[in-house]
Amino acid sequence: MTDEFHITREHNAELDALLGNPFKVLDKGFIRLIDYMGSDSAIVQAARVSYGKGTKRLNEDRGLIRYLMRHRHTTPFEMCEIKFHVKLPIFVARQWVRHRTANINEYSARYSVLDNEFYVPEPAQLGVQHQHKKQARGAQLETQKHDEIISVIEKNNEDSYKNYEWMIDEMGLAREVARTSLPVNIYTQWYWKINLHNLLHFISLRKDPHAQYEIRVYADILADIVQKWVPLTYEAFSDYVLGGAKLSANGLALVKARLRGDTAQEAMIKEKISAGELRELEQLLDLENE
Amino acid sequence: MTDEFHITREHNAELDALLGNPFKVLDKGFIRLIDYMGSDSAIVQAARVSYGKGTKRLNEDRGLIRYLMRHRHTTPFEMCEIKFHVKLPIFVARQWVRHRTANINEYSARYSVLDNEFYVPEPAQLGVQHQHKKQARGAQLETQKHDEIISVIEKNNEDSYKNYEWMIDEMGLAREVARTSLPVNIYTQWYWKINLHNLLHFISLRKDPHAQYEIRVYADILADIVQKWVPLTYEAFSDYVLGGAKLSANGLALVKARLRGDTAQEAMIKEKISAGELRELEQLLDLENE
Amino acid sequence: MTDEFHITREHNAELDALLGNPFKVLDKGFIRLIDYMGSDSAIVQAARVSYGKGTKRLNEDRGLIRYLMRHRHTTPFEMCEIKFHVKLPIFVARQWVRHRTANINEYSARYSVLDNEFYVPEPAQLGVQHQHKKQARGAQLETQKHDEIISVIEKNNEDSYKNYEWMIDEMGLAREVARTSLPVNIYTQWYWKINLHNLLHFISLRKDPHAQYEIRVYADILADIVQKWVPLTYEAFSDYVLGGAKLSANGLALVKARLRGDTAQEAMIKEKISAGELRELEQLLDLENE
Amino acid sequence: MTDEFHITREHNAELDALLGNPFKVLDKGFIRLIDYMGSDSAIVQAARVSYGKGTKRLNEDRGLIRYLMRHRHTTPFEMCEIKFHVKLPIFVARQWVRHRTANINEYSARYSVLDNEFYVPEPAQLGVQHQHKKQARGAQLETQKHDEIISVIEKNNEDSYKNYEWMIDEMGLAREVARTSLPVNIYTQWYWKINLHNLLHFISLRKDPHAQYEIRVYADILADIVQKWVPLTYEAFSDYVLGGAKLSANGLALVKARLRGDTAQEAMIKEKISAGELRELEQLLDLENE
């Protein structure tokens, strides 16, 4: 470490071309990439510090990144950082903010007046209450109900915004009080900065089919940007996390029994698995029709 | 560490008597103490592990706790943990959740229907928009405006809840969509668990006069409970944090100059301080009228 | 929420009997349980707040806990907290402290003199350097080398402690400088507090066969205590995490192809899996001998 | 948010010139700047999102940054991130790692052989044990003791490294066991990434005269780099944190009484302050000689 170590910052031309341009999300939201630090190489570089002199043979970046992802060596992925400007409805922001290991600066409705911009769902998103999954929407509602619902939502938005403006402009009420009558579908915005490891965790939970549609569409855009940013990492993440599966001890035993053709053992294991878990397992392994 | 080390859990009779009982906050909210771990003694015990054999003379609990607080030795205060059940309006929850180093389980409006319970301010809280402090409310509004504003707020609450019920009951719309039209003054609830160090930080920021009234009243209750829980710590916290003050380098130099009666030096320092900071400093030191 | 809500703190008689008693670990280390908050019921209680009115049918604790564990609903597990007093060698402490979401108060060798207590491995732990796994030890060394190695280690400990004492007692050197010559096998101690979710993560990584033996034995004790503390949670954790397995997208496709008996598809998938991952997969599924 | 938002990444020419070059610290350590994200402008930009339309008058960057620092609005400072490669003795690493909100990849002595490089203090650092401050060193030791101590330290280093090499090379012992005999003054290295807010906190604690000399010299270099990176922020940090002071409630009351010349009140307040705190206060305000 004596002579010349000068380095330059890594650039990703594809990302640089995107910087600042809004990706449209929902009806009035967006994601804008503001800045980033690091790359697939930065992950490899950090991992190599850990492995030090012992890593002569781990000399292929793709293989090393896949190894790290497969074996839950998460710290090298924390060496990359990314920052976004996001415009999103408050009810989405409320789910989003539960990812605690990130940095946020949100627009303050105490300091400033909120714009008259509300999320109004497209008809395709007007799903019925799901019968079994209490947190989900099911099939799309009948077409004749769409217009009725949407006009109720729009009327609700207009009325509450009118009340908001009246309290501020006519009554002189403090903004921090007046805003409490606004619904959670009004848009807010924030700067959001997070490291790659935590961002992948965010994507794995929010790109999931169980996540609410309105946050899932944000996660989809984030995933696209991550793929451009760190393509090797995103590939490994897709293979090992997004596209992979977890088996329980019983699930694993069942798979092994079936692979051996040991039907007695298989039947015995099934006894030990709850109906709900068994259904999930059969769907996972395409065993339903057998 | 060889023979008998048996200990029992510490109890605080005063806290035990409070367990589960709701402290009323705002018009329909509450704080309920659910569980706690540790005490002033647990803080001292943890600090003594750090100081080991070197602490013969730090043998008085109160003095040690004050020393820890004064010198920012924060880790012993992390050794105490407390858990609450809180009912609060969503706009308060949105400020509260920004304290990231805590554990939360919130009522889910995807799973369940929200109750028809909204925060409606008392007339005393209907302040005008503050002219200089953009995030604050100023003097109370004229009495004749109170009823008008409150009926607009109540009407807004009723209408949005009626729409919400109609979308769920009449239209069969999924709860996770229907709830997006509800205003941020509707009540939610959560379990909230935090360590003492982070709770004191929460209190120092949210009991502050600059905090919004509607979260300040929660912080006041939390402070009362902390005082019963760890009285020595709360006393030190009151002296060194809540009741204390921070001086900038210039503020400190100005105080010293004035204490020495060096008016030339004092004038010179004032040149270097911005008008805003100087005003804050004069208020702090009661120098305005001199 | 109007009348009487009084509750009492939950107790676990089995844990209470353990409080303070040292569990011996390694040659001179220990784990002592100091305090705990919560139980399986506290987890269920917190989850029920989230599910609110929608949870009529999730009325069986064991089933709910398994559902939470299976679906990565981690926040209810954060509602339990536990505190230990641990004595451990510095090199173990250096691995342990990398679990950042915990609270620590460590004995300070700046304040106090460290005791003359060093970890000396048992012969069974004197493994050769593993050839393939660079971070691991392999088979036990030949018996004739044991005594030689152990006496070198003991001599090294004695010499460095003698130097340490001499610098402090004879030379009057500050402790914070003198201690820098002590080896990382000297024992330190700390109070360590962590929530259940993070503790389970700690156990899953440190009870793993890839973890270094000297931290694994601590994780084993912690796991035993957790099992007594929250038996339903520990059972679910054993089934879904410790005893379970992760399949990659390719691993899952391979399992499906084989279950269908589609050997052509199976061969095609194998092409896409690296040699290292394929070996891990075959071991997992007991496919080696086929 | 309608037409063209393209932006480019911010650069800091002064920092770019430093990238990769080692700053020498202690006898064999270094700090190398690897990458950074953000600038004073990025802080202002994030704060402006929060203040939204309400900030017409907060239009001067320096004033806004000072306001944020003075009023503990810490989140905008989290919007900047920086990454270093650091070589440091293990006993320094042990203090450093206690700052939990950072990302680390450390050289692993399980994977790789550690180099024969140990920290040996300069004579100026051979201080006597401080009599009152148990964690500190006092005046320099007598010159005749220097050579003696340093040769004991160097002998200790050589012996332990010889033992280490012998266990690995001659005995074939696993590295993860052999390294446990190495002293905590051996050098390790890591990549360390942290946001600006947490870095300033690190500097405020570790640049403090109470911090151990061997970590303070690292904090000094970090402070110099921060000053080049975000000069307005560093200026505000110097004025409000490094050069400022905290007064307790009693301390503040005493200052006010003295400014008013109310000696009776002053005497009464002094009664309530402990001897230790009074001494600290008198030093702070240069009151000793009065």
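When the chains are written out, they are named A, B, C and D in that same order, and each has its own residue count from 1.
Basically, contacts are C-beta pairs under 8 Å (C-beta built on N, C-alpha and C of every residue); 3 or more make two chains touch, one makes a residue touch a chain.
Just so it is clear, the model here is predicted, and its values are computed rather than measured.
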| item | value |
| --- | --- |
| Result of counting contacting C-beta pairs for B-D and A-D, higher pair | A-D |
| Chain located farthest away, centre of subunit C as origin (C-alpha) | B |
| Euclidean distance of C-alpha centroids - subunit A vs subunit D, Å | 34 |
| Centre-to-centre distance between subunit B and subunit A (centres being mean Cα positions), rounded to whole Å | 30 |
| Geometric centre distance via CA averages, subunit D-subunit B, whole Å | 29 |
| For subunit B, residues that touch 2 or more chains besides their own | 51, 54-55, 104, 108, 111-112, 134-135 |
| Of all residues in subunit D, those that touch subunit C in their complex | 89-91, 93-94, 97-98, 100-101, 104, 108, 110-112, 119, 121, 125-130, 134-138, 141, 145, 148-149, 152-153, 156-157, 159-160, 163, 166-168, 171-177, 179-185, 212 |
| Residues of subunit C that touch subunit A when the two form their complex | 51, 54-55, 63, 66-67, 70-72, 134-135, 205, 210, 238-240, 242-252, 255-256, 258-260, 274, 276-277, 280, 284-287 |
| Contact set on subunit D toward subunit A in their complex | 1, 5-11, 16, 19-22, 30, 32, 34-38, 42, 45-47, 49-55, 75-76, 78-79, 81, 83, 85, 87, 103-108, 111-113, 189-191, 193, 195 |
